[in-house]
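Going in written order, the chains are labelled A, B, C and D, and every chain counts its residues from 1.
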Amino acid sequence: MDLYFWVFASMSVLAGLFTIAAKDALPSAMGLLTVFISLASLYLHLHAPLIAIFQVAIYAGAILILVVFVIMLLMAPGERLAAIQANVSYRGSGALLGMCLIGLVLVGTKGVSDIVSMKALPEGFGNPSMFGDLFFRDFLLHFEVVSVLLLVALIGGIYLCKKKL
Amino acid sequence: MDDWLIAIIKVVGIWVWVLLIAVVMTWVERRGAALIQDRPGPNRAGPFGLFQPLADGIKLFTKEEIIPTNAQKLLYIMGPLLFSLPAFSAYAVVPFGDKIILGGKEIILQVSDVNVGFLYILAIGSMGVYGVILGGWGSNNKYSILGGLRSTAQMVSYEVPLGLALLGIVFVYGTFSLRDISLAQQGTFLGFLPNWGIFKQPLGFILFIVAAYAEANRVPFDLPEAESEIVSGYHTEYGSMRLGLYLFGEYVNLVTISGIIVALYFGSWHMPYIDLGAYLGPISWGIVSFCIFFLKVSFFLWMFVWVRWTLPRFRYDQVMGLGWRGLIPLALFNIFITALFIQLTV
Amino acid sequence: MDLKKRVEQCLGPDNLVVSMIECQGDLSVEVPKRSVVDVMRLLRDTPDLGFNFLSDLFGVDNLDLNKPKKKPTKKTEEGAETEEEPEEKGPFPPRYEVVYLLLCLERNERLQVKVRVEESDMEVDTLTPVWKAANWPEREVFDMFGIRFKGHPNLKRLLMWDDFPAHPLRKDYPLEGQGEERHLIYDD
Amino acid sequence: MNQNPTPQTGHDTGDYVTVNIGPSHPAMHGTLRVVALTDGESLKKVDPEIGYLHRGVEKLGESLTYHQFIPITDRLNYCSAIPNNVSYEMAVEKLMGVEVPEKAQLIRVIMMELARIADHQVCIGILGVDLGAFTPFFYLIIQREEIYEIFEWFNGARLTNTFGRIGGVDADLPDDFEQRWEELKPNVRKANDETEKLLTHNRIWMDRTIGVSAFSAEDALNWGFTGPCLRACGVKRDLRIDEPYCMYDKFKFEVPVGKNGDVFDRYIVRMIEMEESLKIIDQAYKLYKEMPADAPLMARVPKVIKPPAGEVYSALESPNGELGFFVKSDGSAKPYRIRIRPPCFMIYQAFPELVEGELIADLVACLSSLNVIAGELDR
C-alpha cells in the first residue's frame, strides 16, 4: 500500500472533479491548480523531480495564470458558469468524451503494464543533465521539430488576434 | 533517525529565522524610511521602537476579521494563504551557510540541496501570484481586480527575464544546485576578481535584480498595490491577520530574494580574497559562514528599503514595455554572449 | 483710446448697449439678453478690444435691491431705473443678472458684461461655443439660481446633488435652508 | 430622494468598466470624485463630480459683515489661506476706494509669497506621493512646517490665518523676522535642491510626467486656465506683472514659462516659482526695512465697514492662479453678493479633456499637478 501515491492520486481525482463541477470560474481554475500540484507530487514520487518542477513552473505557474488572466478579463466577479453548465448538449458531449478518454487510458494502462516491469532506475535518472542529453543529443531533431511547430502556432495566434498587422 | 532530527531542526530553525528577519524587516522598513525622510519614525515601543513589529502583530491578530458581504468567501479566505505559503516554502533550497560538523556528522547549512533548486525557486515563485489573484478577485472590488490584473500581467512578464537571467548563471557554473554554485564562488579569477557571480554575469545580475524587484512587487514596480491609483490594489478589502499575511509574505519574499542574490551573485558565504574556512574550526566556520551570509543578505534587504523610498513608481504600460522590450532582449543577449564565451574558452 | 469709448464704438451701432457704468475703475456694460452670444463674439473678435479670455461667469439675485422701500439706496446702482429702459419692461427691473467677466490678455483690460434675466423667462443662451470655460460656471448658475442656459451640453446641477429641490443662492432662500434635510431619505 | 448623484456614465457595460475614484480615495485630495469609464487601464470617459465640500461660502458671505467674512476665506484654499484673505481684502478696499499703506502692502507681499512657497511645496510633495515618490514629500513638508511656524508666530494660526484687516494689516512684523527668515531661506533652498535631485532628472519621473496630459496654449486659454497650469502651457501671464498690485511692480523676478503644458512642465514651473518667491521676499523685506518704524499699517477705515453701493472685481495671483473676488454692495454693513473666482474651478472643468484616453495612473498624476483644492473648488 503506497500511501503517498494514494493520497495524491485521490487528491488529483477529487480536484479534477471539482474543476468540472465548480459553479464559478476561478474556483474551477483553483481546482485545476490542485490537480497540477498533486500530479507534480506524483512525479516527485516517481523520481522525476525535473518533470515535477516543470509541471509546477509551466503548467501551474504560466499556463494556468494566463487562463486565470483571461477569466479575469472576460468575466465579472459575480458571474457564474451555471448557464454554460446547464447546457445539456455540452454535458452530453462532455460525458461522451470523458468515457472515450477513460477507455483510452484503460487500454493504454494495460498496454504499458504488459511491456513494462519493475526495474531499477538508471543512475542519475531525472537529472537535468540527463534531460539535456536526451533533448539535445539523442532526440535533437524531434525537439527542434516540435519547437518549430510551436513557433508556427505562435505566429498563427498572433495573426489571428491582431486586427491590423 | 538522526537525519530526520537534523532535517526537522533545519526546517524549523530556518523557518523561524526567516520569519524573525521578516519581522525585523517591518521595523527596518519604517525606521529606514524615517531615516531617509528626515523624521523620527516609530520610536515609542521599546528601545528605538524595536517592539513596534510586536505591537503591530498584536494589533493585526486582535482586530476583527471582516469578510465583505459580496466577497466570494472561499477565494477571499484562500488568497492570503496562497500568497504566504509559497513565500514561506521558497527558502527551502537557498543555503544559509557552508556546513557544520557536529559529532563527526557533516551537516550542510541548507534545508535541501536538490539538484533542481533553481527551478524550484522559479516554480514556487510563480505560485505566489495566485494569492494575489484570488485576493483581488474574491474581494469583489474593482480596485482589487485592477490590482490582481496588474499583478498577473507583471508577474508573468517578469518571470521570463528572471529565468533567462538565471540561465546565465547556470551556464557559468554548470549546475542547478544553489550549494554547488555557492561552493564554486570561492577564490579569484583573472588574478584579482573574486570568483563571484556578479563579476562573471554583471548584466545578468542587473537583469535579475530588476526582475526580482518586479516579482516582489516592490517600488518602483509596486503597481499591484499602488496606493495613490488603486487604493491598495489586491488587498484593499483585507484587514486583520489576513492583511498581515499578505504584508508578512511580502517581507519573507524579500528575504528569499536577497538570499538568492547573495547565493548566486555575491559569493554566498565566501569572503573575497580570503578563505576563512581554512583557518577556522568546523563548528566556528559554520557559524561564521552563517553570519557572513546574513550580513550580505541584510545589505540587500536594506537596498529594498533604500530603493523604495527613493524612486517613483512606473506606470503599467511602462512596466510591460520595460519587461518585454527591455529586459527580455537584454537577457537573450546576455545568454548569447555567455554561451559564446563559454564555447570559446572551454 | 478709453475702453469705454471703444466698447461703445464696437457695440453701439447695433444698439447692443443697454447701459454702461463704471465703479472704482471697473467698467460694466449691460447688454440685451437675446444677443449675448453675439456681443461676446464681437468683444472677442474686434481687434482693438480683443477680450479673449473668459475670467468668470456668475449670477446675482437683485431681489432685495428691487424692493421699493430700498429705492433710495440704489441710485448709484446700475441705474437701471433712471437710464434707458431695458426692453423687458416690468414693474421692477428684472430680478436676476448674469455677469460675465472678460479679460483682454494683451492689454490687461477687464470688462464686466451683464445681462438681466426676468423671472418669467429664465433662459439665457449658452456661452460654451465661444469659451469652453463657460461650462461649469453656467452649470453653477443654473444650480444656484435656476437660470437655464439654452444649448448647454450638460446642464446639470454642479454643487448641490441632483435631487436638491431649491436654488440656494436666491435671496428668498433662507441661510439655514428650507428644511430639506427633513425630507431626505437617507437609506438606500 | 436620492442622496447620491447617479454616475453619469452608467453601469458596467460589456467592454468597459465604471471605476468610481473618490470621493474618499487616497489620491483624490479632499473630496473629489471622478467617475471613470475604463477599458482595462485606459480611461474612455471621465466625469468629475464636485460639490462634496460645498459649504455655501458665497451664501454665508451675504449674512456676515465685511470683516466677519475674512475667516471664511481662510477655508477656501486651506493650503495657502493668506492670498485668499488678501484677495478679499483687496476687493473690499477697492470697493471703498481705500489706499493701503505701503508698509502693510509689503507685509502682505512677504506673507503671500511665503504662502505661495508653502502651497507649491504641498503641491509638488503630493505630486511625488501620487507618483510613488514618498521621500520628497517629507523634505518639502518639513520646510512648509517651518513656514507655518512663521505664520503661527505672526497670526496665531497655522492654516487658517485670518491674515490682515480691510485697509491694511493688524500687526507689524515682529523684530526677529529677519533672523527667522535667514534661517528658513537656505533650508527651503536645500529642500528644493534635494527634491530636484530626487525627481527632476529621474528617468522614471520623466517617463511618468513628460507628455502626460499635455495641453496647448489655445486650449488652456479657452478653458480659462490661469496660474502655473497656464504658464506651463507657454503663456506668460502672471497677474503680479500684468496687473500689479501690492507694489509687485517694484520687485524684479522672473515668470517661468513651460512649453508643453504637461505634468512635468507644471512641476518645473512650480519649482522655479518657489525660487522666485524667495527672491521677492528678500526684496520686499529690504524695502520694508527702509520704511520708518512708525509708518502706518492701516488705512483710515471706519470701524463698521459700509462701502458705497457698487460692485467691483479684484483679482490677484494666488499660488494656483487668478483668485478673484467680486463684491457687490448695497450700501449696508453686509455684502450683497460675494462671488469667488477660484482658480482651480476653471482648471478642473477641463479635467476630462486632459486625461481621457490616458491611463488611470496618469489621471492621478494630472490631478495632483493641477493642484485642485476641494475647498475653493466647491466653496
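Simple rule for what comes next: a contact is a pair of C-beta atoms (placed from the backbone, for glycine too) under 8 Å apart; a residue touches a chain by one contact, two chains touch by 3 or more.
Given the structure is predicted, the values throughout are model-derived calculations rather than measurements.
A.B. asks: Given the two chain pairs B-D and C-D, which is bridged by the higher number of C-beta pairs in contact?
C.D. replies: Looking at B-D and C-D side by side, C-D shows more C-beta contacts.
A.B. asks: Among the chains, which is located farthest from subunit D on the basis of C-alpha centroids?
C.D. replies: A
A.B. asks: Point out which chain occupies the most central position, where each centre is the mean of Cα atoms.
C.D. replies: If one averages C-alpha positions chain by chain, the most central is D.
A.B. asks: As a quick test, compute the distance in whole Å between the mean CA positions of subunit B and subunit D.
C.D. replies: 44
A.B. asks: At what distance in angstrom does the C-alpha mean of subunit C lie from that of subunit B?
C.D. replies: Centre-to-centre distance between subunit B and subunit C: 65 Å.
A.B. asks: Report the inter-centroid distance (CA atoms only) between subunit A and subunit C in whole Å.
C.D. replies: From the centre of subunit A to the centre of subunit C is 72 Å.
A.B. asks: List the centre-to-centre spacing of subunit C and subunit D in whole Å, with centres computed as mean CA coordinates.
C.D. replies: About 26 Å, centre to centre.
A.B. asks: Residues touching two or more other chains, restricted to subunit C: which are they?
C.D. replies: Expected reply: no residues.
A.B. asks: Touching at least two other chains at once: which residues of subunit A meet that condition?
C.D. replies: If we look for residues of subunit A contacting two or more partner chains, we find 73.
A.B. asks: Mark out which residues of subunit B touch at least two other chains, giving numbers and ranges.
C.D. replies: In subunit B, the residues touching two or more other chains are 149.
A.B. asks: Which of the residues in subunit B end up touching subunit A in this complex?
C.D. replies: On the subunit B side, the touching residues are 70, 72, 74-75, 78, 114-116, 119-120, 122-127, 129-130, 133-134, 136-138, 140, 145, 148-149, 152-153, 155-156, 159, 176.
A.B. asks: Taking the touch rule as given, give the residues of subunit D at its contact with subunit B in the complex, in rising order.
C.D. replies: Subunit D residues touching subunit B: 17, 19-20, 25-27, 40-41, 128-135, 138-139, 142, 198-199, 202, 204-205, 207-208, 359-362, 364.
A.B. asks: How about subunit B: which of its residues touch subunit D in the complex?
C.D. replies: Subunit B residues touching subunit D: 33, 36-39, 142-143, 146, 149-150, 219-220, 222, 226-231, 309-318.
A.B. asks: Flag every residue of subunit A that touches subunit B in the complex, lowest number first.
C.D. replies: Residues 24, 26-27, 30, 33, 49-50, 53-54, 56-57, 60-62, 65-66, 68-69, 72-73, 77-78, 127-128 of subunit A touch subunit B in their complex.
A.B. asks: For subunit C, which residues are in contact with subunit D within the complex?
C.D. replies: Result: residues 23-26, 28, 52-56, 58, 60-61, 64-65, 70, 73-74, 76-77, 99, 101, 105, 108, 110, 112, 131-133, 135-137, 144, 156-163, 168-169, 171, 173, 175, 183-186 of subunit C touch subunit D.
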